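My questions will all concern the structure given below.
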Amino acid sequence: MRDEQLITLAHGAGGKASSALIQSVFVSAFGPHQDKSLQDAAVIDVQQHFGAGSRIAMTTDSYVVSPLFFPGGDIGTLAVCGTVNDLAVCGARPLCLSAAFILEEGLPIRELQRVVASMADTARRANVSIVTGDTKVVAKGQVDKVFITTTGLGVVPPGVQVRSDQAEAGDAVLVNGPIGDHGAAIMLARGDLGLSADVRSDCAALNPMIGDILSAVPACRVMRDATRGGVGAVLSEIAQASNVAIALDENALPVRLETQGICELLGLDPLFFANEGLVVVLVPQAQAEAVLSVMKNHPEGQSARQIGQVVEQGQPLLYINTSFGTKRMIELPYGIQLPRIC
Amino acid sequence: MFNRQAFRAPPAVKTLVDKIVPLARRVAEARQRPVQVMEVCGGHTHAIFHSGIDQLIGPDVEWVHGPGCPVCVLPAQAVDEAIALAQQPGAILATFGDVLRVPGRHGTLAQASAQGANVQVVYSPMDALTLAQQQPDKRVVFFAIGFDTTMPGIAFTIQAARQQGLTNIQFLCYHIRLIPTLIRLLEQDSVCIDGFIGPGHVSIVLGADAYQPIARRFGRPLVISGFEPVDLLNALLMLLQQLDEGRCEIENAYARVVNNAGNLAAKAAMAAVFDSTVCHWRGVGEVPESVNGLTPDYRAFDARSSLPRLHQGTDQEPAYCAEVLTGNRKPHQCPHFGHACQPETPMGPLMVSSEGACAAYHKYNVGKCKEPCHEG
Amino acid sequence: MCLGVPALITAILDEERGLASAQTDGVVRTVSTAMLAMKDIPQEQLVGRWVLVHVGFAMALIDEQEALRSLTLLSDMEDEDV
Amino acid sequence: MRDEQLITLAHGAGGKASSALIQSVFVSAFGPHQDKSLQDAAVIDVQQHFGAGSRIAMTTDSYVVSPLFFPGGDIGTLAVCGTVNDLAVCGARPLCLSAAFILEEGLPIRELQRVVASMADTARRANVSIVTGDTKVVAKGQVDKVFITTTGLGVVPPGVQVRSDQAEAGDAVLVNGPIGDHGAAIMLARGDLGLSADVRSDCAALNPMIGDILSAVPACRVMRDATRGGVGAVLSEIAQASNVAIALDENALPVRLETQGICELLGLDPLFFANEGLVVVLVPQAQAEAVLSVMKNHPEGQSARQIGQVVEQGQPLLYINTSFGTKRMIELPYGIQLPRIC
Amino acid sequence: MFNRQAFRAPPAVKTLVDKIVPLARRVAEARQRPVQVMEVCGGHTHAIFHSGIDQLIGPDVEWVHGPGCPVCVLPAQAVDEAIALAQQPGAILATFGDVLRVPGRHGTLAQASAQGANVQVVYSPMDALTLAQQQPDKRVVFFAIGFDTTMPGIAFTIQAARQQGLTNIQFLCYHIRLIPTLIRLLEQDSVCIDGFIGPGHVSIVLGADAYQPIARRFGRPLVISGFEPVDLLNALLMLLQQLDEGRCEIENAYARVVNNAGNLAAKAAMAAVFDSTVCHWRGVGEVPESVNGLTPDYRAFDARSSLPRLHQGTDQEPAYCAEVLTGNRKPHQCPHFGHACQPETPMGPLMVSSEGACAAYHKYNVGKCKEPCHEG
Amino acid sequence: MCLGVPALITAILDEERGLASAQTDGVVRTVSTAMLAMKDIPQEQLVGRWVLVHVGFAMALIDEQEALRSLTLLSDMEDEDV
């Protein structure tokens, strides 16, 4: 294609340019499975994965991150990790993904290829196939470069039940690593606040680690990936859904120095920063060590630790026990966190 | 090497609390009511709740949360003007993130942005200059708010805009000054405050001496404090010692950054650029020496010259707000608190910014903790 | 009222316009030192000094001696209690 | 929410505003199933639908249509029909959908509610549940009002095999109705060409009709919904995939007067106009009548007819037998069809 | 009530074909080679392939596809200028859909749009006026192309813009005129054409008399035709009859819309607005009486006044294109056809628009039909 | 070369500016009749007449008699063949 390194509306029109783009960018990156997408749907033989009592888990998320590329990953990495993690925290073994792309006219095809390569690579490492997809092109200015929607399918083995409403008094609250790095990395990568620091998104596919946790400790009661809204939002939802009080230990919260620094400078709280490779696990205290030691066997779990405990049943509360022996209530913010001067 | 963490050390906190609690008891007993301490600054309010100092000290000290949040007191008129400027074609309205959710009479800047206005959050007013330089075909308006701490940075930015010959940036200024605000408060009959924790960062600019009228004219002791738990407890200890000993002085517990004279360069920049006036502030009323205009030298940078004529009017706010502000009522004792008045739908100034007393109570769930409520 | 954070000046970026690089917990930002200029300290001597930063302006040098003194007083207090 | 009839960034931030929007707009419209989406993924018990030899079909599409509302439907109707149809044409019985919304800051919530109501209504009629979802809000100007990505899951019963590469010489080529109406309706609804006509999108969920066709005539070889790119693109793909020559009968092509008129005025070809309720079926000629009579039992199949035949094997060709006894080759256009003056 | 379908009726087509085939045989035999008939107009080329008239008539008539497509002959320079205008801040470039994929030296308007230029497709030039009225803060440039059929509408639109006092619309005109183009073609030595099917819609404006030089000076008969199969076959029959009888006349087989004098109102509008010049066209070379400027009265509406100075240069195109245009080669006999030269990557003018001869051959897969190829 | 379609004038929209509503196969569009004005036909008499439309301009009235005549000639030809 002469002089055609940019996405044009023709690439989305269902004609020859569309086929050429699908073949040259997607099929070549996502491999043989993807050619099923040239049909209207992919047909997947799930019997082999499927015992009596198995269920299917389905999740979907749109990825609209800006900038597309940031320290620690890109929108493609996110689109695979986010969806794979949503399956994993429901106790599902991720099976396959669909990927729908909305592209802005004028997008350099090279950037698209970079994103697609990240997806293919991340999917390979997470051991899932991208089996079907879609590509739309909209006029310049009607979308911000690339949005990706991935939908994941997974198989939940018989007996596995992890839900948000099962937390009980005495459960330990665990995380696999430092909190808020993704939110911090994106905030800096946007460049509009003039701050710089060595912060990388924690973006990672957690399904291998979570699979191991569930095999080792089937008693895990709640697992959530703490994405948008952060650990604070996830714990607040768990407290609500399970009707329990959760107490965090201020000293135990793992926050990287730089992420903490960003929060100090802008008056923000890392508890509400997004993560993309962070799982919150609630498990009876007796099994907490077992879960932590499985986490530590995985690269994403090197800084795993207990950050709190479910202390009471009967009233949804979330608070922090401070270093001074006081309690600080945690309330979900209303909307986006904005940098403050006061 | 300066180590901020030392000012957060639990053993130090414990030492101070152990000193303060019996002293507070004695001072409160002497008055047969809890000691009413106003921390003027919203930052202090948050720091107190964040570390739980109120819990550590107990009911002998009752905290009266002051008007020291430039966002909370911002009049609806100011927001309306900012929105009108943001909606002009080709305009970029730059401001601090705090301001976006403050309600004017026709919604917030966040809502105006949702309707298509170009509103950009910056960390520093200097970043607005950069915006203006990078987008010469746009007209940047910086919506400037803040007390004496923020004003010098704004003044300096306006000076820099003139030095650089920029013609596509203007400033909509709504600055309130601390000392006149405190005086305005203390002139009210109903005020029930025994002493003040003085704001740390404003004092860098003003200098400790600026507070002398508080002690001399109104007979209230004041101790300037930093924002770490140790700073605050230290200041509280010093304040209680004054009250215990019957002294009434201005003391400085934040001497690592605050001196007596203040920052002269900062004051000079302010004097050169800002024009004083009387302005009506939410919850506070009219405060002299406010700033919403520029001196003749800088008038070209005053965004009010580009402002469409807007309906002027005083903001309506519930009477409870003033009672909270004067120490006569706690936020959770307001009948609107947590019901009609919430951070997402503030009825009064104290719920607007997360620095506001009511917002802080709401955020830290103070109402839910079932602490005994002491009437002032 | 006014969010201020301590930051370490790590480099002078523009002597004339008074721009320096300041660092807080590993986070770097350009700050204006114009407000400090009156204090008779040559710009380069700012490197290695701690300042209190508000909205991108260094508002004051942090007096480290003074900080130490107040901490010492405190530890004396602790010792009293023992 | 006072003065809050517009979508704001807060609605996408994962805090209180997000939960409020999900509850008030999505859960209320999509019903009880949807509350599973408040977990990270929906878990679906598929055993009941699932015999030995069953397979799962998965398809995804992003919907970016502008304007959002047009005669015959809206983006919500499309988002359900398009995905349900993609499943149906693969021989799958649609089971459930996910729906991911990307919303523009400033979108009137009323418009979102209208779209969501259409989706719920269409899903109900198509007998599928919307079981999980996602909502993202991006800044004004970074998306054109609303984009929706739906992903569909269906069960393909044992033995059913409909694929694009199975066309054989002697197969009849059938459609269930007039071609090009969706494309024509959208082109007019945009309003920038100054044309008006009574054309409505053919937007419809075809799974009931297709299910009946497959039950009655399991010998159907190829089924495709002729969306973007139109009947022309779909037949051209089938000819390629099956390596056959397909001959259409010019006189048999059902095109509504108004759609034909738009094509005449603008120099375009209705064969390449999008449809959203049109299926192309290839079936051995002997069974053609059986399929047509099933089609005619459904409201979407009233104008069903045979439009051509597979005439030869061994070389991919697509042409029209004209009324004059000549042959006209049909070639896929390169990109979008643009109105012409010459 | 006028019924277009009657002109598409298969029985009528069959009747005409049955008349034409033996006649064509006789005329071809007389020449000992196929009759070379040029349909000047790209619309005719498409109509011929669309209905398969070429297949019906067989090898005794060889169709030479003429230069009558304003998109195909558009010089790269014109596209470069349109792109430059589209890229100016605040500009909307409005044009006909055909133009978007024509390559200039630095890409197409479609690509410029993909890179952020505001390019809008309209159905009528009058719609560009509406754009200008509705968006007074934008500057609309209408990129006007077309032969004599389209020119009066453009001229009329420019007159309306002046009447309405619009100041935010200008026109970039690249008009080629038919008669000078035909003359330019017939002046070449290598031309191998026995007679012409004359373009129907251009003739509405020009009138049948305008073609007299073709018959008189160059000795080629011409029959004006409509665009339905019956129209075309009727015209072909009349042309073959002339050739058979040794006549050389201008005949009108489209009298339901074409008269002898043409449309005087249209001609008057063109004369008032357009300024004639010589212009270099792709595949055709220099053609006098072309239009790319406006008369002094309308010069304010000439977009060239706003045009940045662009590098002038002649377009490079393969030599094969001229051979196809003069009837010396069929498109599929060009070595680039379907390989380097495709509709998405055209090398020459005839592949640019779907009206171009090579594009039509490509679209209708004429090469693939394995028809015997007759050298002219 | 120049896409032209027959259309039926169904209404005069603006006598002064010469705007009419024209319909082709049920598709309606505003067209300019300015190019026909010289033909001494009052605008309202255009309603019910067929015109040949190109880029939004009615370029010519369609002479229905003439159309009929050519079709008749043709059917005579057919008859000849029988």
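Brief remarks on what is shown
In this document, chain identifiers A, B, C, D, E and F correspond to the written order of the chains, with residue numbering beginning at 1 in each.
Note that a residue touches a chain if its C-beta (ideal position, glycine included) is under 8 Å from a C-beta of that chain, and two chains touch if they have at least 3 such contacts.
Here's who's who by UniProt: A, D = Hydrogenase expression/formation protein HypE; B, E = Hydrogenase maturation factor; C, F = HypC/HybG/HupF family hydrogenase formation chaperone.
Because the structure is a prediction, the values reported are computed rather than measured.
Traced through touching neighbours, the fewest hops from chain A to chain D number 1.
Following the contact convention of this document, D is the list of chains adjacent to both chain E and chain F.
The most distant chain from chain F, with centres taken as the mean of CA atoms, is C.
Inter-chain centre distance (chain C to chain F, centres taken as mean C-alpha positions): 84 Å. The distance from the centre of chain B to the centre of chain F, with each centre set as the mean of the Cα atoms, comes to 76 Å. Centroids built from CA atoms put chain F at 38 Å from chain D.
A straight line joining the Cα centres of chain B and chain E is 73 Å long. Residues of chain B found to touch two or more other chains are 42-43, 69-70, 96, 110, 123-124, 127, 146, 150, 344, 355. Contact of a single residue of chain D with at least two other chains is seen at positions 8-10, 16-17, 141, 194-195, 265, 334-335, 340-342. Shared contact sites, meaning residues of chain C that touch two or more other chains, fall at 1-3, 29, 54-56.
Interfaces, counted as pairs of touching chains, are A-B, A-C, A-D, A-E, B-C, B-D, D-E, D-F, E-F.
Taken in their complex, chain E has these residues touching chain F: 1-2, 4, 6-7, 11-12, 15-16, 18-19, 40-44, 68-70, 96, 123-127, 146-147, 149-150, 152-153, 156, 160, 199-202, 204-205, 227, 230, 234, 253, 255-258, 263-266, 268-269, 355. Interface residues of chain A, counted against chain C in their complex, comprise 194-198, 257-258, 260-262, 264-265, 267, 340-342. Within the complex formed with chain E, the chain D residues making contact are 192-195, 265-266, 317, 319, 322-329, 331, 334-335, 338-342. On the side of chain D, the complex with chain A involves touching residues 8-18, 38-47, 50, 52-62, 64, 66, 85-87, 89-90, 92, 96, 98-102, 131-134, 136, 138, 141-144, 147, 149, 151-154, 156, 163-164, 224-225, 227-230, 233, 237, 241, 272, 274, 332-337. Chain F meets chain D in the complex at residues 1-3, 5, 24-30, 53-56.
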